[in-house]
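Below, chain A partners chain B and then partners chain C, in two separate complexes.
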Partner chain A sequence: MNVSLKLGRNTANKPLELHFLPAKIFEDGTTDVDNYFNSYTRKGLDGILTNAVRGFPLKGEILKSPSNYRAFVLQSSEKHSEAKVIHNMYISGKFDNFTYWNYDKVPSKADTYKQALQMLDISKELCAPVLDSEILIEIDGMGLVIGGQENTI
Partner chain B sequence: MSKKTTRSSKPAETKPIPAAKAPALRKVMFISDELLQDEENELTLEYFYHPGKGKPVLFITKGNTELMEVIEFAEQRRCWLINNDVCSDGRIFMTTPIDITLLALHHLRLHCTEKALALEDIGKADDKSTLRLLREFVRGEEHLRCVADIKNASGMVFYKYNPKKTMAWLAIKTRRVAQKLQSIGTHCGQSAVSQNYVRGELEGESKEETEMDYLRMACDIVGNYLDLDLYEDLKKYLNIADETPIMTSTTKKEEKAKGENKRKSLQQLNSNNSKKVKLDEKTKNAAEKLKSSGLVEDSPTSDTNKPNSSEETSPVSTMSPNVLTPSPIKERNLTAKEKALAKSAKGTKSIASFFTKK
Partner chain C sequence: MDSDQEEQPNKRIKTEPKEDEIKSDIKKEETQLDEIVQSTKASIKHEEDDAGADCIATIDKIDSLKSLGPFIAARDNSQNNLYFQDLPEICKSEPCMLGVDEAGRGPVLGPMVYGIAFCPITSEQILVDLGCADSKQLTEEKRENIFNEMNIAETPRACLGWAVELISPNVISTSMLRRSKCSLNEVSMNSAIGLIQRAVEEGVNIAEVYVDTVGPPEKYQDKLKAIFPQFKITVAKKADSTYPIVSAASICAKVTRDTALKVWKFPESNELNSVKFGSGYPGDPVTKRFLTENVDMFFGFPRLVRFSWATAENALADKAMEMEFDEPDDQKPKYAGPKLTQFFKGATKTGAVQRKPCRFFKERFLNNVTDF
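Let's look at the complex of A and B:
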C-alpha cells in the first residue's frame, strides 16, 4: 500500500507549537493547551522548564529539529484500510522547535531521543561510497590472512 | 424558588454534544532536506524488502530516483500536543539515507551466486516491489560494482555475486562506522549503561578493548541490513569475539576463593540438613502420634495405636542433649498445645476424614 505525501507549496503558515509529553494519551482530540498547560510552564534558573500533567512533574527544554531536516506534521483523513489504494497524506503544518518533556528527569544527553538522533549521522556514514581502490587493497590484505582458504570462496 | 428536581421528575435537558469529528490521523515526521529540494515534487511512502528484518519495511521515495529509509523513534508512553490538539501517536518518523547496494545485495545473493544475470532478470515475476527497486533505483554499475563482477556481452550487462568483494566492502564500511562512533563519543561496551556515568579507567586496562567494542557495535549496525549468514561471516572476518563477562586477574582470584568458600558452606549445609532430617523424623513421629490420639476417630492409617501419655513424653526423652536447636523446645510446646487441643477436640471428626477415599 503506497502512501503519497503531498507536500505542495509551503505557505507562510505560523509554525506549530509542539510538546513531546512523556505520557500516553489514548484519545485524539481538541483541548485548550494554552489554558491548561502552557500557562503553568515555569523556567528555572538553569534554563530547564517545569510543568506538570495530572500532578506528575515534568522537566523540559526547547529542542530544534535536527539540522538538515525539516519537521512536519502530516495528516491523513482516512484510516488505514486493507484495500491497496494509494491514499494521500497532507502537510498539516511545520515546526522548527518543539518542547521536549521528561517525566521528573532533567533532559540530558542520556535521553533516548538524543541517542536516536545519533543514528542519523551514522546512517550517513554508512552510505558514503567506497572507492574501488580501497576494495582492492582490502582484498589483497585478505589474501595474506586467509591464505589457503581462498579456493573455497 | 426553583422546583426541586427529584428522580420522578424529568432530567434537565442537557446541551446536545456536537458530534465529534473523525479524528485526523496525525504523524510527526522529520524529512531530510535532500528530498525537499523541489518544492512541487511529491514523495511516496513505499514498502521494500529489508534484508536485516526479513520483511517489507517502509521507505520514502522521490519519483524513481531517490530512496531513503524511514525509521521510527517509538518510546513507550509518549504523545504530542500539537497547538490545541492531542495526537496520541507519540512516534517520530525520520528519513535516513540508505545504501541501495545493501538492499540489492540480498537479491543478488539469492539469484546471482551461480550464474550472471542481467538486472531485469533478477527477482521473481510477482514481486513487484523488488522488481521496481532493481529496475528503477539500482543504477547498475554504480551500485553493484562493489559487490558483483560485471560482465559485458553483446551490449547487455550481467552481474554475478562476488563474495570476496562483498566482504571487503562490508569490512571497509564497518570500520568507517566504528570510527564515526568513536568520534561521536557513543558509549558502548560492557560498562555503557548510562550516558550520565563514565567508567573510570582501571590500572592496566588496554584501549584495544574499547576499540573492539566500537567495532562490535559498528558490525551490529551494518548487520542490521544484512542477511544473518552474511552477518556471521562478517563477524568472523573482522575477528570480533563474542561478548564475555569482564574477567580481570583480580576477579578470577576472587571467584576461585568464592568457589572454595562455597564448598565449605555446602558442607555446612549438608550437616545442617542431616540434623534437620533427624529432627523432621522426630516431628513426623509426633504427628503420627497426634493422629492416633483421641483427636482422630476415623484415621486412614491406623497402624500405630499407641496410648497418649507414654508417647508424648518419649520424643522429648529421645532427643540428644547435644542438639541445641529451638525445635525440641517447639516440640514440647506443641505437645502441650496438642494436649490441650486433643482434650477440647475429643469427639469431633478430624479434617483428614473429609479427604478419605470413598
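Let's look at the complex of A and C:
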C-alpha cells in the first residue's frame, strides 16, 4: 500500500498542547480542554501534577519528546478512486513536550510509554553501521577472555 | 490500561530522527525545552496557594453569615477546605462536649460538608436558647439566623466554637474512583476524625463526643474509641435531633453547604454560573434537567457533579463519548496461575512451529504495522 506524507507549512509549525490519557476513547471530537481540564491541574509539593477526567484521579508529569527526535501529530485520510486506495497523511501539528497522565499511579520508569521508547535506543544500535575494525576488536576481545588472566589491554 | 496507553503513541505520535542535527542541536534544544517546561510549570497553580494570597488576606475569618459566602468563594472548590472558628478561651479550661454532623451526603452534586461544634458541658442551655434543635425541622432561613447568632451574639461567641470541612465533589469523585476505592463512608469518617483531631490540637478540653452515625453506629463507635480512648464517645442515629450540640454542628454544616452551592463558581464556563442546578437530589427535576442539559462530550460534567454517583454515570452513559479506564484493582479478575497445557502449545497438529512474538516487543505493546 502506498502512503504519502503531505507537508503543510502553515500547520507544521504550530506547537500543540498535548495530554496523554490512560483511557481508551472510542470517538473523535473537540472539547474545551482549557476550562474543563487545565484549570484543574494542580502541582503537589512532590512535583507531581494531579487532575481528573470524569472523576478518575490522574497523576502526571510534563515529558519532553525524545532528544534528537521531533514529534508530530499526523492525520490520515483515505480516498478511493478506480479500485485504487490513495492514502494520505497530513502533519496537523508538532510538539516539543506533552503532559503524561497515569490513572492513580505516580509516573515512573515502569510506565509502558517509557518502556516503549527504549525501542529507539535498540533501533539506533541495530541500524548503526559496523566497521570491520570494530569486528576485529570484538573478536580479539573474546580471545582475551578465553586466553586467561595474564593478558591486559 | 497498559495496552491503551501504548495505542496512542503508535497511532498518533510519530517521531522522526534528524540525524544531521544530532550533536549541534542538543544544547540548544535542551535550553529551549527547559524554557517551555518552565513556562508550563508557571501556569500551573501550586496546591499550597490555592485561593490566591490576596483573598486569604482579606477574608480569612468568618464572623457572620454575610462573610461565609465570600470566604467560601475565595477558596479553590476543587480541593477540600477546612475552617476552624476562633476558639473561645473557656473551651480550653472547662470540660467540653463536641458534636459532629454532616450535610450533603446524598446529593449528586456539590460538596459534602462536615461540621463540629463544641461548648462547655455546663453551657448546654445556650444551645437550646439559640434554637439548636432537629436541624431538619428548621427552615433554611431559621438555620441561617441561628448560624448568624452563633457568630455575632456575645454569649454564644464566648463559649461556643465550631469548625467545618468542605469536601469538594472533585475529591469525592476521585476518592471513590481510585484504584483501591475509598468509600464515601471512609471519606466521611476521615473528615470527622480530622476535625476532632484538629480540635484537640487547638487545645479544646474535650470530655464528651457526640456523633451522628454513618453506617452501623456500633462499628463507627469502636473505631472512634480506638483513636480517641480518652473521650466519652456516643455514636447514634439521628443524633442531631437528640443532642443540641450535634444540632449546632449540623446547622453549621448545612448552612455552609447551602452557601457553597450559592457561591459556586464554575471554572468550566461563565454561562454555567447562572444555570440553576437545584438541590442535587437525584429526584429533583431541576437537578435532572441540569444533568441532561450540561453534558460535555468528552469531560462529561463540570466538577460540581460527583461522577461516582450512579445518577451521573447513567446520565453520561448514553450521551457522552464512550471512554474506558483501567478497572479498579478490586474489580479485576484474579490470576489463576499458568495452565500446564501451555507447555504443549509450541507446535500445531501438523508439526509447524508457532513463533511467539519477542518478549521485548510484547511487554512494550509494540507491533509490526504494515497497513495503517
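In this section, the second predicted complex is superposed on the first by the 114 of 153 C-alpha atoms of A that agree within 3 Å, B and C clash if a C-alpha of one lies under 4 Å from a C-alpha of the other, contacts with A are read in each partner's own complex, and residues count from 1 in each chain.
By our rule, a residue touches a chain if its C-beta (ideal position, glycine included) is under 8 Å from a C-beta of that chain, and two chains touch if they have at least 3 such contacts.
Because the structure is predicted, anything quoted here is derived from the model rather than measured.
K.L.:
Counting touched residues of chain A, say whether chain B or chain C comes out ahead.
P.N.:
With both complexes superposed on chain A, more residues of chain A are touched by B.
K.L.:
After the superposition on A, what does A:Asp32 contact: first (chain B), second (chain C), both or neither?
P.N.:
In the superposed model, A:Asp32 contacts both chain B and chain C.
K.L.:
For A:His19, decide between first (touching chain B), second (touching chain C), both and neither.
P.N.:
First partner only, chain B.
K.L.:
Once the shared chain is lined up, is A:Lys105 touching chain B (first), chain C (second), both, or neither of them?
P.N.:
Second partner only.
K.L.:
Would you check which partner chain A:Ser76 touches, where first means chain B only, second means chain C only, and both and neither mean what they say?
P.N.:
The answer is both, since A:Ser76 touches chain B and chain C.
K.L.:
Counting only touches as set out at the top, which of chain B and chain C does A:Gly55 meet: first, second, both, neither?
P.N.:
A:Gly55 contacts chain C only, not chain B.
K.L.:
Between chain B (first) and chain C (second), which, if any, makes contact with A:Ile135: first, second, both or neither?
P.N.:
First partner only.
K.L.:
For A:Thr41, decide between first (touching chain B), second (touching chain C), both and neither.
P.N.:
It touches chain C, and chain B stays clear.
K.L.:
Could you say whether A:Gln118 touches chain B, chain C, both of them, or neither, answering first, second, both or neither?
P.N.:
After superposing on A, A:Gln118 lies in contact with both chain B and chain C.
K.L.:
Name the residues of chain A shared by its contacts with chain B and its contacts with chain C.
P.N.:
Correct list for chain A: 1, 3, 20-27, 29, 31-32, 37, 65-66, 68-74, 76, 112-113, 115-116, 118-120, 122.
K.L.:
Touching residues of chain A toward chain B in the complex: what are they?
P.N.:
Answer in residue numbers: 1-10, 16-34, 37, 65-66, 68-77, 79, 89, 92-93, 108-110, 112-113, 115-116, 118-128, 130, 132, 134-135, 138-139, 142, 153.
K.L.:
Quick check: in the complex, which residue numbers of chain A touch chain C?
P.N.:
For chain A paired with chain C, touching residues are 1, 3, 20-27, 29, 31-32, 35-37, 39-45, 49, 52-57, 62, 64-74, 76, 96-97, 103-105, 111-113, 115-116, 118-120, 122.
K.L.:
Residues of chain C touching chain A in their complex?
P.N.:
1-2, 4-9, 12-18, 21-22, 25-26, 29-30, 32-33, 36-37, 40-41, 44-48, 78-79, 170, 173-179, 267-269, 296-300, 302-303, 306-308, 312, 316, 321-326, 360-361, 363-366, 370-372
K.L.:
Report the residues of chain B in contact with chain A in the complex, numbered from low to high.
P.N.:
20, 22-34, 36, 39-47, 60, 69, 71, 73, 75-88, 90, 92, 94-99, 145-146, 163-165, 167-169, 171-173, 176-177, 180-181, 184, 186, 194-196, 221-222, 225
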